[in-house]
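Shared between the two complexes below is chain A, which has chain B as its partner in the first and chain C in the second.
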Partner chain A sequence: MLRLFRPIQHHSNLDRPVPMRSPITGWLLLAPTLVILLVFGLGPFIYVLVVGFTNWNSFAADPTAHFAGVQNFRRLVFDDAFLHSLWLTFGFTFFAVLSEIVLGYLLAQLLMRDIPFKGFFRTIHTLPLMVAPIAVGATWRLLTVPGLGPLPYYLDRWFGFDLRIGSFADQAFAATVIMDVWHWTPLVTLTLLAAISSLPKEPFEQAQIDGASRLQVFWYITLPLLKPAILATVFIRVMDALRTVDEVWMLTGGGPAAATRYVGLHIWRVVFPKTDYGYGAAMSLLTLYVTILLCWLMYVALVARRELPRSE
Partner chain B sequence: MMRRFPYKPGGGWLTFVFWIVASLITLFPIYWMFVVSAKSRVELFGAPNFIIRSFFVENYTATLTNPTFQRYMVNSIIISTANALLVTTLALFATYALSRYRLVGKENIFFWTITNRMAPPAVFLLPLFLLFTQTFTIGSFSLYDTRIGLVLLYCVFNLPFAIWTLRGIIDAIPKELDEAAMVDGCNTWQVLTGVILPLARPGLAVTAILTWVFAWNEYLFAATLTSVNARTITTGLAEFVTVTGTNWGQMAATASLTLVPALVFLGLVQRHIVAGLTFGAVKE
Partner chain C sequence: MRLRATVSVVALAVGLVSGAVPAWADFWSDAAKDLKGTTIRGVTESTPPSNYVKDVLAPAFTKATGIKVEFETTSWDQMFDKEIKDMEAKTGLYDVVYIEQDIIYSYLARSFLVDLTKAMADKPGLKAADFDPANFTTFIDYFKDPTKGNDLFAVPMESFIKTYLYRKDLFGDPEVQKAFKAKYGWDLAPPKDHKQYTDIAEFFTQWGKSKDMQLWGSTVQAHTGHPASWYEFVESVEPTFGVYNWGIDAKKNYAASVKNGGSMNGPQAVAALTWFLNNLKYAPPESTQSTWDEVAATFAAGRAAQGLVYGENAAWIATNESKSKVVGKVGVALPPLEPGVLADAESGKGYIGYFDGGAFAIPTSSKNKDAALLFLEFIGQPSVQADWAVAGSRITLKSTYDDPKVKAQDEKTDHYYTLMKEKGKLFAGAPTYPFHAQVREAVAPIFYRAITGELTPQQALDKMADAAEAELTQLGYRK
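Entry: the complex of A and B
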C-alpha cells in the first residue's frame, strides 16, 4: 500500500518483443511534460542557485548582478528576523503535526468501529481538505475577529478569557496551530484509516488469546505495524506545514508584530518590497536546505536506525 | 463488510455521539462563514447569532456584480479549466509512455516528477517572479500577469500529481488490448484515443477534477505573479484583508463562492483526495 520514496518495480515482460513501439514515440509523448517541468520546475531552482551568490538589487546604486560569493549567506546567519521566523516555523510545525497525528490516529480508530452513518461522517471529515487554504484562513478570521466572531464572545462570557489574536502573540500562534489542525487532521485520519483497514488480523487475535492489555496491544502490535504509514504521514505533513503561507497570511497577516511570520511569509514580505534579489535568493536557498536537512534528520532518527520497515 | 480489525468490535453510542460532535466541529467554521455572508452589517453587531432569519443577498450581489470580481472569477474558471485539460492530456501521454515504452531511466523520471511537488513554493516565488518579468519575454510580452503563465506554472505541481494518480490506472489496462489494436494497424494516437481513453475515463475524470480544484485553490503564485489582468478569486479574497474596515459580510460571501466547487465535487472525489494529497503514497 505504501510506496512513498520508493520507485515501483514493474513486472513488465521485457523479453517479449513489443510490436511497433519505438522509444522515439515514447520520448515524444513524454516530451511536453518534461519540457514544462524542466522550464518551470528545475529552471527556477537553478536560477535561484545562481542569484543567491550575487549582490543583485534592482533599486541599489548599481542595479546589475555581481558575483558576491557567500556574502549573502554570511549576512543571513546573523539575521535575527530570519532566524526568528525559522524558529517559529519549527514550533508551528512541531505542535501542529504532533496534534494532528495523535488526533488523526484516534479518529481513524473510531472510524473503524461499526456506527451508523459512517460514510456520512467520513464525507464531512473530508470537506476541509477540499477548501482553499486562503478560504480556511478567511473562515478562521471570521471566527476570531473581536466584536464579530463567536469564539472571543463566548470565551469571554463563559470563562472570562480575553481572546484577541491581533494583540497577543501566544494566542495568534495557538490560533494558527489550531487552524492547521482543523484543516489537516482529516488527511492523517484518512491515511491511517487506510493503513489500519489493511492490518492483518492474526497478531491481534493471538494477543487477545494471550491476554494482552489494550495498552500492550497498542504498543507492541498496532504501533510497530502502523509505523511505516505513520512515518509517511508525518513526512508529508511536516513538508506541508513548513511551507504554510496562505492560511496564516489570511488569519493573522504574520502578526501581531512578527509573532506568526513563518518563513514563507517572511521571504514574501521582506524580500519583495526591498527588491534585494540576491539576498532573497540566498534566503530561499537556505530555507530549502533547512527543509531537506530537517526531513533527512527525521529520517535518520526515525527510520534508518533500524532496517527500513516494509509495508507490503 | 468483513471486520478486519478485531480488537474493538462493536460501535456503541458513545462513538456515535463523538462523531456527531467531531462533525459539528468540522462544519462549524464553514457554517459560521455562511451565516456571516447572509447578514447585513447591522445584524452582525452584538452577540453572535447562529440562525439565519433573513438572507441578506446584497453581500453576494455586491461581489457578483463587481466588474473586478467578475474578472477574477472568470480568470479562475479559465485558468483552472485550461490547467485541468492540459495537465490531464499531458499526463495521459506521459503515463502511457512510462507504462508501455522501454525508455532509459523512466523510473527515475517518474520519481523525479514528484520532487517538483515537494519543494516549498515560497522558495520559488523570487526566481519565478524574476523569470516571469524579465527572462520569459518576447518583445514587450512577458508571462507576468498572464493567464497562460499561471496555467503553465500550475502544471509544475499538478502534472506530478496527475502522473502518479494515472500510473496505476494505465498500468492496470492490459497491454494486450493496445497491442492488438496496433497489430490491426492503429497508430499511437488511435490507440490512445480509441483504446486507452475510454478505459481510463473514470480515472481521468477524477484526476481532472482534483487538478481543477488544486488550481482553483492556489493563492501564493497567483498573488505574486499577477497584478491586474490575470488575478484569480483567491487573490481577490485576500485583498479584503488589506482594506481597512473590512466588510465582513462581503468577504464571507466571496469566501463562500470560492468554496462552491469544493462542495460540488466533494462527493465525487472524496475517495481519491487522500491519494492525491499524499503523492499517491496512500491508496484507499
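Entry: the complex of A and C
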C-alpha cells in the first residue's frame, strides 16, 4: 500500500535535530539570484574597475584603451571640478535628506490623526513617487522658467522676489533640493507611517501616566522606537541622493556654471559626451568608495558605537 | 463585328499592360519585395524637419515598401548619447542615425558609418533612379569622405542658416521709428554692425518697459548649464567678429591660445564675448535657461524684437498661428558684422555665421542595412522635398528652391529661402574636427562662468584656451 503521508510522530522526532537537506538544493534555489547578481552586478563592476585603470577615449587620436596604472586616480586628487562636484553633492544630500526626514515624520504623524480627507490626501501625497525622475525635472523646469513658469511669476508678484535659477547659483541649488524633497518625502512618510502604526501603545500610556511632556515622549520613547525605520530610510535616501542625475540634468543641466553639477552629473558628462571612459570609470569607483565610507561612518556614529561593549 | 473585336482586343491589351505596370514600374515595392515586414529603427533630434520625417515620410515609405519605420525623436543630447552608445557597443539597435556635419568626422574616424556610395554600387537593385547625389546642394559635401574618394556616408535631411530675425511690425511702426531716430540719430533698420544691434536691443527693452509690454531687445541663447550657449558664441557670434573655427588653428599644432598661434583668447574673441554678455541686459529673463528651442519659443511668443535664430524654426515662427504670436510680422536679414568679415566670407577666408544641418546615416552595426538604404534614398527624392521644406524651412536639393510651394512660403517668411539660397555660401558648418564634443565639454563649463559673471570675458577666454590646449594634448592631437 502506498503511503502518501507519514504519520506525525510526536516527542521523539522533535527531540532530534532536523537533518539538513542537501546543500545542492540550496545552491540551486539561490542560483537564479546569483546569476543575475553576477551578470548585472559583479560583471559590470569588474568591467568598470578594469576600465578605471586605462587611458581610453574613443575620440582620441589613438582611440584604443591603454593600461595607465593609477594615473586616473592621481588626476582625480587634483581635479578641482571633480572635488567641487563631490562637496556640492554632500551639501545637496545633507539638506535634501534632512528636510525629507523631518517633513516625512511630520506628515506621517499628521496622517496618523483623524483629519478630513485623510485618504485623499494620502493618495495625492504619494503621487510624486510614481513620476519618473526625468519627468520630475521637466515639470520643475517648466515651473521655474521665467516668463512661462508660475513660480517666478507669483514670487515676483507677491513678494517681489526675482527667481532666476539660470542666473543665480544659490537659487538653483535650493531649487534642486526642493525638487528632491518634493519627489522623495512621500517615501519617507510612507515608511515612517508604517513604523509609527506598529509602535506598541504601552510605553506611551505609561509615559502619560507618569506625566511626561510631549517633547519627553518624543525624545525618550518615539524616537528610540522609530530609530531602525529612520536609519533604514536615511541610508536609502543618502545613497539615492548621492547618485542623483536625471532630475537635476533636466532642471538646470548642472548650472548655472557648476552650481548644481553634482557628482553623478559630472561623471555622466565625462563618460558620455566627453567619452573619457577611463577617467570617468575612475571617478565612478572613487564615488562608490566615498559612498560606502560615508554610510559606514554614519553606521558607526549612529548605531554600532552604542552597541559596542564599554571597556572596563 | 470586326471593329468590335479589334476594340475588344485593344481594350484587353491596354488593360493587361496597365495592370502589369505597377508590378515592374514601381521601384520601391520591387526593391523592397524581400524586405517587406522588416522594421527599421531610427533616432533623431526633435526638430521640425525630423518630426516631418517621423510623421509624414516614414509612413509614406512604409506604404510604398512595406518596410516599417520606427523613429525616436528626442533631445539633441539624448540623441547623440543613444546613438554613440549603440554604435560603440555595436548593439545594432538603430538602423538610421542623425548626424550633424560637425560630428561626422568623429564618426568616420571610428568607422561607425556605412559607405553609401559603395552600398549602392554593390547592390544596383537597391539604387533608386530618383536618388542622385548630384541633385543636392553643396551641403552634401560635408558628408563625403575625401580619404575614400569622396564616397557618400550620409544623406542630408536638413540644412539651414542661423540668421537674424526681427519684428517687421515693430521696425516698421512710425512711432517707433521716430522715437528711435530721435534717440540714436539713425534710421531704424536691421543692424549692419554690432553697435547698431546693441542700440536696437537697448531701445526695444526700454520701449517694452515704458509701454508695459513683455518685450525685450534681443534673444540670447545663454543657458548656463547646456552647451547651446557655447554653440551660439563659437558658431554664430565669434565669426561675425572674425574669429573662425572656434579660435583653434589646426595648422599650428591645434593652437588655441594667442601665445601659441590660436585666436580663442584674442582681442576679437574678447570683443565678441563682451558683446554677447552685454546683450543679456536686453534679453528676456528666461535667456539664461534658453537653449535653441527656447530662443525660438521666445521669439515666437513675441518677447524679443530681434535675435539670432536657427532657420529650421523660421517657417513655423512666421506662418504657424497655432504656435506663434508673430505670424506675418517676421523679417529676416544677415547677422550684424564687424568690418572686414563680409569680405573674408566672400573670399572664402572666413564665414559670417552658422550653416547648420544634419543627415541620416546607417551605422555599420545596423542589422537592416538594405532597408535603411532604401529609406535614405526615399527621403532624398526630389518629389518629397517641397512639402518638407515648407514644414521645416530646410532645403537640401537645388531644385527645391524653384518649387511653387516653396516660393509661396518664401513670400510668407520675408524671403528666408531666397536668403539661404543666395547667401548660404557665406555661412559655414562646424570645423572638421574629430574632437568636437571633447573640446566642447572641456571649455563650456568655463564659458558658463562668464555668463554668470564669475569671470570677465578675458579671464574666461584665457582659461578656455588653456583648457582646450590641455584637452587636445590629452587626446593626442596637440603634440
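Simple rule for what comes next: the second predicted complex is superposed on the first by the 268 of 312 C-alpha atoms of A that agree within 3 Å, B and C clash if a C-alpha of one lies under 4 Å from a C-alpha of the other, contacts with A are read in each partner's own complex, and residues count from 1 in each chain.
Rule of thumb we're sticking to: a contact is a pair of C-beta atoms (placed from the backbone, for glycine too) under 8 Å apart; a residue touches a chain by one contact, two chains touch by 3 or more.
Given the structure is predicted, the values throughout are model-derived calculations rather than measurements.
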item: When chain B and chain C are modelled together on chain A, clash or fit; value: clash
item: Which superposed partner A:G280 touches (first chain B, second chain C, both, neither); value: first
item: First (chain B), second (chain C), both or neither touched by A:L223; value: neither
item: First (chain B), second (chain C), both or neither touched by A:V300; value: neither
item: Which superposed partner A:L110 touches (first chain B, second chain C, both, neither); value: first
item: Touched partner set for A:N57, first chain B, second chain C, both or neither; value: second
item: Contacts of A:V102 with chain B and chain C, given as first, second, both or neither; value: neither
item: Partner chain in contact with A:T291 - chain B first, chain C second, else both or neither; value: first
item: Which superposed partner A:V131 touches (first chain B, second chain C, both, neither); value: first
item: Winner by number of chain A residues touched, once chain B and chain C are compared; value: B
item: Partner chain in contact with A:V77 - chain B first, chain C second, else both or neither; value: neither
item: When the two complexes are fitted on chain A, the stretch of chain C hitting chain B, from 2-10, 218-226, 290-298 or 344-352; value: 290-298
item: Footprint overlap on chain A, where chain B in one structure and chain C in the other make contact; value: 141, 145, 147-148, 253, 272
item: Of all residues in chain A, those that touch chain C in their complex; value: 57-63, 81, 141, 144-148, 152, 162, 164-167, 169, 252-258, 260-261, 269-270, 272-276
item: In the complex, chain C residues that touch chain A; value: 77, 80-81, 84-85, 88, 106, 109-110, 214, 222-226, 284-290, 294, 298, 301, 303, 434-435, 437-438, 440-442, 445, 448-449, 451-452, 454, 474-477
item: Partner chain B, residues of chain A touching it in the complex; value: 1-4, 7-8, 10, 14, 18-21, 23, 25-27, 29-30, 32-34, 36-37, 39-45, 47-48, 51, 107, 109-117, 121-136, 138-143, 145, 147-150, 153-154, 182, 186-187, 190-191, 193-199, 201, 204-205, 207-208, 214, 217, 229, 232-233, 236, 239, 242-243, 245-246, 249-250, 253, 263-265, 267-268, 271-272, 277, 280-281, 284-285, 287-288, 291
item: Partner chain A, residues of chain B touching it in the complex; value: 3-12, 15-16, 18-19, 22-23, 25-27, 29-30, 32-33, 36, 44-45, 47-48, 50, 90-91, 93-94, 96-104, 107-111, 113, 116, 118-131, 135, 152-153, 155-156, 159-160, 163, 167, 171, 179, 182-183, 188, 213, 216-217, 219-220, 224, 234, 237-238, 240-241, 248, 251-252, 255, 258-259, 262-263, 265-267, 269-270, 273-274, 277-284
